[in-house]
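Take a look at these structures.
Two complexes follow with chain A in common, the first pairing it with chain B and the second with chain C.
Coming up: the complex of A and B.
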């Protein structure tokens, strides 16, 4: 047991503060590096371009692409899986050389090293390095592991087994009993149900609030509550309220003369409990987004529609919805992705670890952190990632949203 | 010549008023209905929170009760006292505050600068970069936990806050960059060009013009970063779970809640104390919330 003494306060502060200082120092070094290396690299890129010009852009593109592919393959293979270091690891400086070669051989080098871009790269550098370290590297590691049989039986020296893991995601149980497709279907159902309620609930509340009225600020503040509460608290509180005997949900049901429900042990009701919790959590976000969108629609549109004799229903579908699209499209994509990958709600509400309540993401967590089937889990993770990616691309294509991003 | 009839403007029905844009009057009856609907919605959204308060002030011997009274008989602050004095709660809270404040600030700085580059320069790799940032949002959180944990172990960053601070600062950067870039794009370039004529550099234009104008978006991004780190469970569990004194409040509260019988009141009291500052921060910034979230995307 430890209490909040000065020592504890200073200890935490020191650790966090020194980390921030390290980050700051690293950033300064990085900026200096980019700043001073810029001119020589630029000169080099021009000279190389002069030499290679007779080769033609096509050939240079081809060579550069091949070299970059070599870099990626090498980077993946050089990452150690398990305890023994990869035999490729000692040669990693070569990748830097190959990467440099690829960069300068590419006809894009001249574009990359334009003089007015120095500041842009300096602004980008810290985030790029951070993302390389904490997103790209983990992804490459995961890609590498997904090709091996890294699991509790082969922890020391896993073997490369090709795409077997990817096949097994679909053919073998992902946990103890459940297979991939039932979990996928459940996750899709979970996402669809939640999103439907989020968007309709949020839309109704936004429409109600979008007028001059008394207590508008108060209503908005109270309605935003579920979003403002830290998610783990909200979810754990709901879990308590689904308790068979002492949770308010069952108490209320019984007072209404209905039978109490086994929220924690019955698979269907557990799924409904998860959904209730997440719907409660997610409506405020949609409400806030849609309210912002509604406020940006000028009243003239409605007046014009009314002159043309449009009914309220027609006005809603003909004016409000199309004009909300720029706001709605990103919100729906984000909402889908967040619901699909939501971890806290399905994980915590499912107190008895029913496999029948697992969504893809909690199944992934269990597979990796409870059964330590890291190889399988990695392949599983890439399948989930791929599904979401495909969904988003399709959704953006179909709705034509996010156009602004590419201007 | 035929006389054209001008269609008479119909009086809208109560149903039509429901879907009406702001600034026009509703009938008194319609107003009443709207208020009733909103009050109902507010009750639904606040009731579970009220219940947490109720449980936190129940006396210790009556934690498990089937009463629905908001203020229980013999209300006591016993649970608060226990949490504050007999448990490490304050240590956990302090740990969380230190980590979260640092990561939110670092995260905002990282993304505010990069988003400016994405908004104002057409560098090669800009669009692939944006697509990459968007696709990182599709990564299921547990996917990166194992490699991040292994990386942190190799660098000796586990069981300390170093790894946590680094990871939190970076993982919310993609979303922040998207939000901020969208917002910067709505600021006309003329403003900066005028400053350039006056001899300002790009950097001082960014500092003096862009940053102050994007205050709402910066607030949003700060809030998102803050909330992400403040209520994270997964990464904290992976990185610092083994030592109780290092825990953040999430790990502690989860520990209270894991035994329903004994510590339900402690969970409730601790939750209320964690909730108050965050909810206050959230409500205070809610006026920026709407403009910051939507302005960037409205442009399309």
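Coming up: the complex of A and C.
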């Protein structure tokens, strides 16, 4: 069909182009503002500091903090109701005024304009604006939605219902019948099983490749292949292979004299199908990382071990594994987070929407975009976010992974 | 140092929001463009019709024909799967960027009216000219929310005369004939085993309904449901006549390849099968349940729905376009091309229908159909039934447990609607 006419294409390009132009113009404005108003603002801030000095720093801090809190509340409310006309709309100018007051009353805030780091601030400004618009703004909006009952029954004018959604994440079924903790346990099981096979499989392949042989590059290229295919395409291809009548897997099973398996309707087999697909997809990454690690281990260690009479098995556990740890740990962490939050595999392989194959992430997606329980889903998303945050913080604490960044 | 940074961040935050708030003003919306030049109207039409059965091509031909008569009205035609259309329309409603016209199924009226996204059509059309039962499936709270395009959308028994001479009249005959026809590479009967839409006709045959008389209290944990599930289990395991696993496409492919003697599928599939099987295609009612009734497949139809907030020249053009599509001529064209029953009362007497055995069969099945509920609670029933039906068919749950679980799930879901 000829839906993609030149007109449509040009329209789309125009929309994207104008958005880019808006962002560009905004950035230029911001830079001009900072550049030209620097000197007058600096002078002004010194004078204001002089006037407000008698108040004392502590009082000024307090008042400024209160005003900033008011700004945040105004801003969140304004964003929340921004989509529909409401009495909150006139608060926009007020927000700006309150913000300005806070800025002037705070004892240190205006020192930005006196600081020697002003060039750094200036250069950072566009990135900060980008992050605020693309990360902080949606996050605050999501927080706001999570406090409402936004769902198909309350679509145009949702009410604020406090923390009810957060309570209900743990007490009510996530989608149809299964509650939060079984889904969480299943997600953990899914992550553990997959990761185990990723690391073992990756390790075996890496060890096989880490020696002198012919066509090594060719083997490596072939083995990395699954990683190079766009994930949804690979997953949909796998789903086809799990088809009961026409799929490769069942045809092979039947040729071997085994009964065909109901991959799409049997809960256990569907979970296994998901795992097989994801293991196939995940091994190449581990293999490449581990191969890199293996190649960096000097041959001297093995020579020394051999002289001491260590068997190959002992060499593996005594030399290879400890020396691989610096490479293995971050790879495992990445793998954990990727598998835990993997969407494509559990979503697409689970063609019949079996609840028994849903992980936290697919359940979240269904709750938000198939059931449109957006309020519930927002709270649910924050709970998942919290889980991953705790995991990351613990991991960073235990391994000191970010030490280099601080020092 | 920290305070300064926070102040800077907060400052930029507010500035960013002010900029963001200003931005949309500068972009003219399509409505404004349309108002500036009342002569030209562009209508974005979302349709659930796909290419496979010629539906999309039919819609495209109508749209082209209309633009030829009214050059000032142009269309952007977008095809979306039924579920995708529902999801995308709700999302578009949240974002405030809805299409101008929907061509979709009746059960979308429930969620769309709940969300307040479509307008009632009572004042825009003389609805008396449409078939009563088609209108009934789009009525909620005393208002009509869609203009019917076709009537039916019901399941029926389609059979391949090359494999079975005449259709079985009762479930006993179905099982007997089915067992004879089921071999290592052929099945007696195929149907979409993953969707409860294929379960409800049998439920009706066993004397059950999904709602109590108030039309919104689920009644899924009943003897009728247990018998229905047991029946579906039996034709798969006890006296197997259906494949161990088959979704819509799987069943469709088997029937088209001549590897299945019978299929339960909807009126939308008639055109496609007629093309493949020709005169070998037969249409009959779904066999009568022994000791029960004729199964009651859900009937509804395909409808135009108009998003809320459409007005002026655009609304006029849309109303005129709907009249055009549901005119006697174009309804007859639809019957010929898509083999669907028309929604326009006057078009029902067309010899195209009365002389065609397939359409006669389809109409005969529709007589024992039941109008599909439109209320949003129905969504909860579907979602409650689907996993349990699959569990029984996967032999992981007994019909009794499954029926009880369906009821609990539907009740929880309805409680969650608020």
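Definition applied: the second predicted complex is superposed on the first by the 270 of 407 C-alpha atoms of A that agree within 3 Å, B and C clash if a C-alpha of one lies under 4 Å from a C-alpha of the other, contacts with A are read in each partner's own complex, and residues count from 1 in each chain.
Everything below uses one rule, namely that a contact is a pair of C-beta atoms (placed from the backbone, for glycine too) under 8 Å apart; a residue touches a chain by one contact, two chains touch by 3 or more.
No experiment lies behind these values; they were computed from the predicted model shown.
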Exercise. Examine A:344 and indicate which partner it touches, taking first as chain B and second as chain C; both and neither are also allowed.
Key: first
Quiz item: Touching A:354 in the superposition: chain B (first), chain C (second), both, neither?
Solution: second
Quiz item: Is A:152 contacted by the first partner chain B, the second partner chain C, both or neither?
Solution: second
Practice problem: Please indicate which partner A:8 is in contact with in the superposed arrangement: first for chain B, second for chain C, both, or neither. | Solution: both
Quiz prompt | First, second, both or neither for A:307, with chain B first and chain C second | solution = first
Quiz item: Counting only touches as set out at the top, which of chain B and chain C does A:369 meet: first, second, both, neither?
Solution: both
Practice problem: Report for A:245: first if it touches chain B alone, second if chain C alone, otherwise both or neither. | Solution: both
Quiz prompt | Touched partner set for A:177, first chain B, second chain C, both or neither | solution = second
Quiz item: Which of the two partners, first being chain B and second being chain C, lies in contact with A:320: first, second, both, or neither?
Solution: first
Quiz item: Both chain B and chain C contact which residues of chain A?
Solution: 1, 3, 8, 18, 22, 108, 111-112, 121, 128, 133, 137, 243, 245-246, 369, 374
Practice problem: Can you check the complex and tell me which residues of chain A touch chain C? | Solution: 1, 3, 8, 18, 22, 26, 30, 61, 68, 71-72, 75, 78-79, 82-83, 92, 95-96, 99, 102-103, 106, 108-109, 111-112, 115, 121, 125, 128-129, 132-133, 136-137, 149, 151-153, 155-156, 172-173, 175-177, 243-246, 260, 262-267, 351-356, 369-370, 372-374, 376
Quiz prompt | Complex interface listing, chain B residues touching chain A | solution = 7, 9-10, 12-13, 15-24, 26, 31, 34-35, 37-38, 41-42, 44-49, 51-52, 55, 64-66, 68, 88, 90-91, 94-95, 98-99, 102, 105-106, 110-111, 113-114, 116-118, 120-121, 123-125, 127, 130, 134-148, 150-151, 160-162, 165-167, 169-171, 173-174, 177, 182, 185, 202-203, 227, 230-231, 233-234, 238, 244-245, 250, 253-254, 257, 260, 264, 267-268, 271, 274-275, 278-279, 282-283, 286, 289-291, 293-295, 297-300
Quiz item: Within the complex, which stretch of chain C touches chain A?
Solution: 3-4, 6-21, 23, 26-27, 51, 56, 60, 76-79, 83, 87, 90-91, 93-94, 96, 111, 114-117, 193-194, 243-247, 250, 253-254, 376, 383-384, 386-387, 390-391, 393-394, 396, 405, 408-409, 412-413, 416-418
